[in-house]
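All chains are identified by letter, namely A, B, C, D and E, in their written order; residue positions are counted from 1 within each chain.
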Amino acid sequence: MPRSNSKVDLKKRKSYFSMDFIMPIVLALFAGISVLTTIGIVVILLTESAGFFRHVPILDFLTGTEWTPLFSEKSFGVLPLVTGTLMITVIASIVALPIGLGSAIYLSEYAPNRVRAIVKPILEVLAGIPTIVYGFFALTFVTPILQTIIPQTEIFNALSAGIVVGIMIIPMISSLSEDAMASVPASLRNGAYALGSTKLETSVKIVVPAAFSGIVASFVLGLSRAVGETMIVTLAAGLQPRMSLNPLDSIETLTAYIVSVASGDVRAGSVEYQTIYAVGLVLFVITLLMNILAGYISRKFREVY
Amino acid sequence: MSIVEIQNLNLYYTEFHALKQVNMSIPEKSITAFIGPSGCGKSTLLRTLNRMNDMIKGVRIDGKININGTNIYDPDVNVELLRKNIGMVFQQPNPFPKSIYDNVAYGPRIHGITNKSELDEIVEKSLRGSALWEEVKDYLKKSAYGLSGGQQQRLCIARALAVNPEILLMDEPTSALDPISTLKIEELIQELKKDYTIVIVTHNMQQAARVSGQTAFFLNGEVIEFADTVKLFSNPEDQRTEDYITGRFG
Amino acid sequence: MSIVEIQNLNLYYTEFHALKQVNMSIPEKSITAFIGPSGCGKSTLLRTLNRMNDMIKGVRIDGKININGTNIYDPDVNVELLRKNIGMVFQQPNPFPKSIYDNVAYGPRIHGITNKSELDEIVEKSLRGSALWEEVKDYLKKSAYGLSGGQQQRLCIARALAVNPEILLMDEPTSALDPISTLKIEELIQELKKDYTIVIVTHNMQQAARVSGQTAFFLNGEVIEFADTVKLFSNPEDQRTEDYITGRFG
Amino acid sequence: MAHSKETRRIQQRRTTNKMVHVLFFLCTLIGIIALALLLFDVLRKGAGYLDWQFLTSNSSRFPAKAGIKTALVGTLWLMLIVTPLTFIIGVSTAIYLEEYAKNNWFSRVVQINISNLAGVPSIVYGLLGLTIFVRYFDFGRSILAGGLTMTLLVLPIIIVASQEAIKAVPMNLRHASYALGGNRWTTVVRVVLPSALPGILTGAILSLSRAIGETAPLVMIGAVSYIAFLPNSIFSPFTVLPIQIFSWSNQPKEEFQNVAAAGIILLLILLLTMNALAIFLRNKYQRK
Amino acid sequence: FTLAACGNNGGSNTAGGNTAAGGNNTGTEQAADLKGEIRIDGSSTVFPITQAVAEEFMAVNNGVNVTVGEGGTSTGFKKIINGEIDIADASRHVKDEEVADLKAKNQEVVEMPIALDGITVVVNKENTWAKEITVDELKKIWQKDSTVKLWSDVRADWPKEPIKLYGPGTSSGTFEYFTEEINGKKNESRTDYTPSEDDNVLVTGVAGDKNAMGYFGFAYYEENQEKLTAVSIKADANAPAVAPSVDTIRDGSYKPLSRPIFIYPLKSALAKPEIAAFLKYYNSEEGQTLVEEVGYIKLPAEDYQKNLDQLK
């Protein structure tokens, strides 16, 4: 088949217009879009809120306890929105963390394969339901139930929204925690069982500690979702910025404020308008820190088994 | 006096017949070696002895295993208690991601011992028992993952000793270790024979010959020959045993 | 006449000196075997011949490899053409997840042949060349994953032949196969010698003795001995070669 | 073999284990119950309203006449922008990261970027879209502005999924191609992409279903309360399913709750179909 | 009455048949050759009328696409100044600044009053105590820095329950009108209430909360009468308590919260046939029927005629 003695010229030139040459550049350009997105977000938040902070001292903004930027007598203290967001997050975590972890342990340690094969897709479906549907559910289903149980519940209240946000993040926490536990090697479990441990002892004393970083990371990620959640709180938590610790009250979150102003449309360039960027910046920074923290935890404390 | 009595044991992985009609009695305070080519069922039989096979889906067992006169497959047998009574050491050292101390104390703790000084005592005794005490006594609070492979394996032995078992099962305990650690563990096993009944699975015929009192040769899920180690290696009765120990297959 | 000339070749994986001062000339239309214990550098040297090492980060090479008189490490060498000219077969059969036909046609296609009848011809010729035609000619559109391991490996050889190389590199091409498939491939290699220069890495000394014309024995990145196969196996010059071929280590 | 005290203790541990087993099971059940309740609630309210008329009419001030056509068509238009853009940009980025620049500073920056973008709240993308697309580029409150915003929002999903899929293509297939004289691009197009395609498609479907269900950013850049005609270009004002649902569920009239529920049923059917397709694709091709 | 066929044929909505209520207009002979887009935003008070008119208008003229937003009156004016919309709905008169801003862009709007509204103060159905309220008491509740926390702070014999307030947001015409009439100073109000530009949210809020009070346009009350109770207003302590109704608003006895509401098309847009047609339809008999249908009070016929005259 080969021509004997025929020498192939190994030095034949390659064309610089070949796909092999052009495509990496094209692909890199596309890859750059995600960087541009981040830059876009940061630049917009910073420049627009810079205008805001020229009118409102940062310290007043961060420490003020009254938020009435749209009224004639304006106050620009973002704390009520922050506490509103925190309230939702706390309620959501009370719901989601124990339940998410419990179901992760069940799926990873207890469940027969068949059950797991059924339950996991259900959780995936649950994770894929749009938040507007959850918001509707909170307002038209959960709130009326709460009102029958606790009559002083307001129609818009933090509790209902928080519970439903919690339900929304359960699948995420459950599945990420389960992944973390699944990566704990079977040899550790066998070691524990061989010493006479029950399933519970094996899960709680061996598997959960070994998967701890992954579990904590899933918690932080779930909570960061709760912080950034918008539609559920917009529909069900109310629009009243106040520093209330009563979960039955209506509150306003950072996200709900942005939506209500943006859809009400205040004049571009005005201080009122810039508030949404300042609030957006606060939101962005909080979630960014949480995401970085989650990444850090899962990298730094990853067990090398 | 025999502590373990295996009678007409058959084990199936779903369809696959992995142990066929096994009969064996293992004397107390002795070392029994299981040898045979890969896949012949050595580990499977070992795991039936502390019912670790329970964990595997689709395992079906018939026949009897009496330990101290109780059939461990009786429905009212308490598996946790059984396993406490029968320690197990695995092929890969598998210390928990905890401190050396907590590794050894794990077993006693789950079995209800909380008293600090009592635990201290057990930990020291077990580590001495596995010939590790001198090497680690100043680092008890350090992570077990800092130890070498051989040390980790001895730690796992200490962990097994800490719950005070009668029987110790070892599944190729040295196959992941270097020659020097292997030697140490072999010595340790000899030492442990005084107090425990030991069953050891090994790929290494020399090791079986060196450490064990009796040896069982497995092939395709059957026990071909079970005899005193010296006899089995010097004068096997079955042609297949002879072929195997002279290296003609495996 | 030698087609490959290796001169003072050294290769480093970052710090690690994996090939040391290798000199070798490989004659045309012959079979050369590389033997030696695991990690001695056989695969590494093989991969330098078609510059597959380019893909690995941190590889540094000095020395020369002339193929047909061109130093393949000259900066202006066209690597794609080089690789087209030097086929390679890997340890694990690695057919593409495509049909048998498309597997063989892959090489010709990427090198610009689109004409259907021309492709048909090349596919048939290559599959005949790898002694697979008769077995698969009615299933050309079926997925290559339906073939047995041995058939897959012959398919990979056919795939290599399809771009019309002068040299064929084979890295333990039979080590993942059963004895019968191994035999078939060994016969095929003998057959291919008529048209190709073949370099084969093998763990199996019998295989080297059976198929090759000359053999290179490697140890720790050095070529200890390179000689006619008959000579190397019957009358090695170096003590280490003798130790290795008589099974004293490795 | 055992002292009775010890037996008792173990008995107790076993009981605890059993109880907690039930507890953990209940935890898992809660997710399922929540889903069941949600579906039940929505079906009870909306099933009666979900008929042909509902699918083929525009929104109306009369609940009985209100339909979802405008929103459905709006969603389809949005997909027309989001699908090709996310696919091209997402897959290109994944190929670049996995096949070309594994470890230079640029790829590391991109990689970190993507994982952080995945965690940015959707409302922030709304701010981005409002500022850049609606105002700066002056696309107005149009399908184009909405589609671009959504594209950026779901990009991380498809990128990560495609990366996973590309990573899963065995190295030895690439080596086979290189050894035949294939260059990188040939290898990517002819070997890597075909093998990774099921995984990439799964990711694409998941990111699209996110784009279909996401509400907040679109509320910010373009919600019109009442729109009763079909878009005729990418510069048309528009509404989409979740926004229509949002504005219906804000209505105090009881019947509109049911109309909203009917909209939700439609949305869920759409998403479940897409999810099922994704799961099917994944299971079908995962075995290899 | 019948319209003079003014301008183009597209606007000939003269078919006398009053079909608006059922909304089934398909039979009429409308010129379907009108094409174009009409963008409307602004008052949520006016929204129900405009939405209804848009829906019926589009049923006849399916070449014309009408979008209607409800961002609040001020939002509407801002958008019309920015050139984003053609018609602004408003529940107050346009302000001088807004006119000036328009002028700066060489634009002008035409004022068209289209209905009467009575801002309605509502409480929950289960509220058995607040049947009527004086303007002073309203002021006490809603004024800036109000200290009213409980219903009993308003009137001693009302229950010691917290009072939960819902009202329009600050870009609302309703907010401006209410604060001016009740609190005495435009835009000055307590701030610790739930504000929303979307009056539906306010309805939902008050309907769902026993201790709630809120205010918004009459139509939203009319639509939701079974869920809300309207509070009668006493202009002063000795005046009679007047409940909002079609009659009391029309004859002006519902004081001081009765007011006209408007649409403001851009003058430059009147030349566009589709917009002219739309406005004609708005002011036609069908349009007036729709005003009543959604819950507002028709103006005297001459007012609509005046509006129509401006189209010439």
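Heads up, the rule we're going with is that a contact is a pair of C-beta atoms (placed from the backbone, for glycine too) under 8 Å apart; a residue touches a chain by one contact, two chains touch by 3 or more.
Being a predicted model, the structure only gives us computed values, none of them experimental.
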item: Third chains touching both subunit D and subunit B; value: A
item: Longest centre-to-centre distance from subunit C, chain (CA-based); value: E
item: Chain centre separation (subunit B, subunit C; CA means) in Å; value: 46
item: Inter-centroid spacing, subunit E versus subunit C (mean Cα positions, whole Å); value: 85
item: Inter-centroid spacing, subunit C versus subunit A (mean Cα positions, whole Å); value: 52
item: Residues of subunit B whose C-beta touches two or more other chains; value: 80-82, 110-111
item: Junction residues of subunit E, two or more chains touched; value: 201, 204, 207
item: Subunit A, residues touching no fewer than two other chains; value: 139, 196, 198, 201, 263
item: Set of all touching chain pairs, with the criterion as stated earlier; value: A-B, A-C, A-D, A-E, B-D, C-D, D-E
item: Subunit C contact footprint on subunit A (complex, rising order); value: 1-2, 4, 7-14
item: Touching residues on subunit A, where the partner in the complex is subunit B; value: 112-113, 185, 187-188, 190-198, 201, 205-206, 209-210, 303-305
item: Subunit D-touching residues of subunit C, taken from the complex the two chains share; value: 50, 52, 55, 57, 80-85, 87-88, 90, 92, 94-98, 106-107, 109-111, 145, 156, 159-160, 163
item: Complex contact set, residues of subunit D against subunit B; value: 1-2, 6-7, 9-11, 13-14
item: Residues of subunit B that touch subunit D when the two form their complex; value: 67-68, 70, 78, 80-82, 85, 110-112
